[in-house]
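One structure, pasted below without further comment.
As written, the chain order gives the labels A, B, C and D, with residue 1 at the start of each chain.
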Amino acid sequence: MAAGAWLKECARVVAAERERLTGLDAAIGDADHGANLDRGFQAIVAELDLGDEAEPGAQLVAAGSLLIRRVGGASGPLYGSALRSMGKALSQGADLSTALEQAVEAVEKLGKAVEGDKTMVDALRPAANAMALAVQEGIGVREALDRAARAAEEGAAATTPMRARKGRASYLGERSEGHRDPGATSAALLIRALAATW
Amino acid sequence: MAAGAWLKECARVVAAERERLTGLDAAIGDADHGANLDRGFQAIVAELDLGDEAEPGAQLVAAGSLLIRRVGGASGPLYGSALRSMGKALSQGADLSTALEQAVEAVEKLGKAVEGDKTMVDALRPAANAMALAVQEGIGVREALDRAARAAEEGAAATTPMRARKGRASYLGERSEGHRDPGATSAALLIRALAATW
Amino acid sequence: MKKLINAPDAVVRDALRGLALAHPGLAVDLENQVVTRAALTPGKVGLVSGGGSGHEPLHAGFVGYGMLDAACPGEIFTSPVPDQLIEATKAADQGAGVLHIVKNYTGDVLNFEMAAELCAEEGIEVASVLVDDDVAVEDSLYTAGRRGTGATLFVEKIAGALAETGAPLAKVAAVAELVGARSRSFGVALTSCTVPAAGKPTFDLPEDQVEVGIGIHGEPGRRRVPLASARELAEVAMDAVHGDLPLEGELLVLVNGMGGTPLIELYGVFAEVAAYVKGKGATITRSLVGNYVTSLDMQGFSVTVCRLDDDLTRLWDAPVSTPGLRWGR
Amino acid sequence: MKKLINAPDAVVRDALRGLALAHPGLAVDLENQVVTRAALTPGKVGLVSGGGSGHEPLHAGFVGYGMLDAACPGEIFTSPVPDQLIEATKAADQGAGVLHIVKNYTGDVLNFEMAAELCAEEGIEVASVLVDDDVAVEDSLYTAGRRGTGATLFVEKIAGALAETGAPLAKVAAVAELVGARSRSFGVALTSCTVPAAGKPTFDLPEDQVEVGIGIHGEPGRRRVPLASARELAEVAMDAVHGDLPLEGELLVLVNGMGGTPLIELYGVFAEVAAYVKGKGATITRSLVGNYVTSLDMQGFSVTVCRLDDDLTRLWDAPVSTPGLRWGR
């Protein structure tokens, strides 16, 4: 388990996809999602000890706290709480699937969003479910993570036709239809990064 | 002598050339010369008795006063004073050539501009001179007016390479070179209208 | 993108440097991006607001006598983080508790909530008022609810005036709620704004169309309509406001520019709004015309209407001395 | 052209209607386009200014206690006509004579001169001050001389404050001259403005260039330079000002937006201007940041610097209550 590697990969991917995420947010939000996440993950890379010796749970809690302290907006508290919950679960000995479930529940609780609201939950919830199912089926963690990442990607793609009911995109009413949700898109990137590094 | 016909023709020509005059003013001024003159001459047509019975001198004085009262900017007082001086001269029995000379002198005095400053004087002064010369040579008034109009047109065209030393265009320094002066252009139109109607 | 800036990620910091230098009555913590009054008033309820930057003079420009005690500017269009809000709340706590004035956006709500919780744990009494005046947004349990826009200025001014009288937190919070409940807004954009970090306009709008029902973050509006006269656009906005909260009695009206619209146009819009109000039999007794709750360089306007009563009018008239709003002292 | 207007030729009239409705302290003669204080002060020297519209809040927005007694807005960018100025001068004459504050443009000068002559004939004592602060323009006998821009606000505020003390016309005129003589300005445009009647931008400016040394009527500047940082552009402006009137002692500084530039950018520019001034060993003791002397919807800024002394500082600080500038009451 290498939380540091995951966080570094998140930072790399977010930086690479920054423009795209901001572009998606421009269409149905306020054109800052890429900049927001980039600011947060750059801070994580710059300010935290992401070495392999550190305890992964503590690393994730620290990373989540830093997101909360640096990102602002909707995504800062949401992703920050997700990482903090995930880290706490790991520290308490939970397996990765349970920790992911905790992370997703934290987002759902804070944002009061459910699947279909056209938010990051539309990527996160399927990911957690796919992972749990795979583990239940006795599938190894690498394969389980890959399924989770694919579920997240499918979930993100499925947000395109949806009408937003939460977050800034909800202001657009039916005009939010036909645009992919930026938060769901970034969530899929982060889960894919998890699958690639864990 | 039909001052009314001249003023109506001025109004017609200024309305037709409004965009062009404003365009010339946009290049080296503040993009209002066409609008300014149009406002003034429309008021003349709408509010003054331009019938043939009225005394031409009085008509021009009234028209000049109205320009002063309605146009504003640099061209309002300048053209207004010109028409007022011209009208006064005619009322006092002066011939058209002398009256035109008075008009041009009024502009020169008020604006303190001389030929070469890239202003309406560059059209007006040659016009007055050409007219005076033609009359001196015993040429009839129609032909004399035609020479005046041509002199004004040449004078206006000659402003293009000049560097402005008066009016708003002077702020541009050497960047005023290569642009035709809007006031000289309108002055040539007004003198041409005079030749066409007197 | 053409902007008077040094670098996209320096815009907020540079503006705060300028704000600090221009207004000696403010104390500006550049590190934490917290703006407070240089001189506080022991025993007074503290007022704290904050939100993404790009809405200037809101909020930092409303810190001062008669309005806010502290403001937290976030990054452009990004709500401030809890740390900023905690620091501001602590600074604004003059022993009588602190009111958080929160515009209703998911990000603002989440960050303010986190901060309020932590402050409460540290023993500071915190009340919150949520401003959600924008009738362009459907107010439903199944959405994020209405946005907070122009009414924020009214809430900050009127609650600020009451706080200045020494009123307790509950009363200050109550008047803030009241002002919010009696206020409605609607906005129209002629052009998109350009977020510095994005580098290009948030949306493309053809020369002959306007966005109707826009917010203050460059969010596209509810629909596009052909460019129309000031009178027609004012009517669209006022119909929306009136349809939600009928115009009656004495009104406070803000005709607000979105940042790139000159005053000469805003006064023209105000004339149309006033004619509309008169047509409904109501009276504008107080008004404000200018760029107050902006969206970077966006061209457009919003109208905010608040139904006054005698108390609210008196509080509106009370002296205020901030960079963005000043009268009576 | 995208503007919040009813029709190009109604813009000025509509804005004046809005101004009248928004500010009960003003009396607005819509027919003659003259704005006066609703309540005058017998025995006080009257201050009258005017000029083309499109520079709002200048001048009508500066009518009120501590500044002007009357203002004459002309058509867009077109100086007012003598009739307006005569009416305004008569209205502003409270028995102690009237000061005409004239920005140095051929049209303004000619129209004010005609009006002053006629008023003098009617027995009103009239003095004139010519404001010509723009160092972008060569001041030579062979040109129209320097333009009047941002310093007009300083002249109106400080002369207005002195007039309020009951000072005689000669003294009010003298302080107005003094402020003009001690003030210098320089402007930079990022975009052209669009004159409503013209319907398109006065000049085309590529995305990567700015006009340096612009006036307030959309006149192109002295030269184009590549778009640069706020710091570099502030330096260009301040170099021009400092080269003409060395920065020394205590300064009043206006960082002025051209109408379409949001406050967040202007504060950033102010920070750079302040750093520049500090580098020269001078001190900004008073400042103003905002859109005050505008050029329709143009994006850009100008800086105006005035060398203060104790008297001028006191007069600057004196109470003022106008739509566009207000403090102390």
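Just so we're on the same page, a residue touches a chain if its C-beta (ideal position, glycine included) is under 8 Å from a C-beta of that chain, and two chains touch if they have at least 3 such contacts.
Keep in mind that this is a model prediction, so the values were computed, not measured.
Peer 1: Any idea how many Å lie between the Cα centroids of chain A and chain C?
Peer 2: Computed from C-alpha means, the inter-chain centre distance equals 31 Å.
Peer 1: Between chain C and chain D, what distance separates the C-alpha centroids? Give it in angstrom.
Peer 2: 29
Peer 1: Which integer distance in Å separates the CA centroid of chain B from that of chain C?
Peer 2: The computed centroid separation for chain B versus chain C comes out at 54 Å.
Peer 1: Where in chain C do residues touch two or more other chains at once?
Peer 2: As it turns out, chain C has no residue touching two or more other chains.
Peer 1: Thinking of each chain as a vertex joined to the chains it touches, would you call that graph a line, ring, star, complete, or other?
Peer 2: line
Peer 1: Among the chains present, which pairs are found to touch?
Peer 2: Listed by label, chains in contact pair as A-C, B-D, C-D.
Peer 1: Spell out the residues on chain D that touch chain B in their complex, using ranges where they run on.
Peer 2: Listed in rising order, the residues of chain D that touch chain B are 52, 74-83, 105-107, 110-111, 114, 136-138, 142-144, 147, 195, 197-198, 202-203, 215, 217-220, 222-223.
Peer 1: Give every residue of chain D touching chain C within the complex, in rising order.
Peer 2: 2-7, 11-12, 14-19, 21-22, 53-54, 56-57, 61, 190-191, 207, 210, 227, 229-231, 233, 255, 259-272, 274, 284, 287, 289, 291, 294, 296-297, 299-301, 321, 326-329
Peer 1: Show which residues of chain A lie in contact with chain C when the two form their complex.
Peer 2: For this pair, the touching residues of chain A are 22-23, 26-32, 35-36, 39, 68-78, 110-111, 165-168, 170-173, 175.
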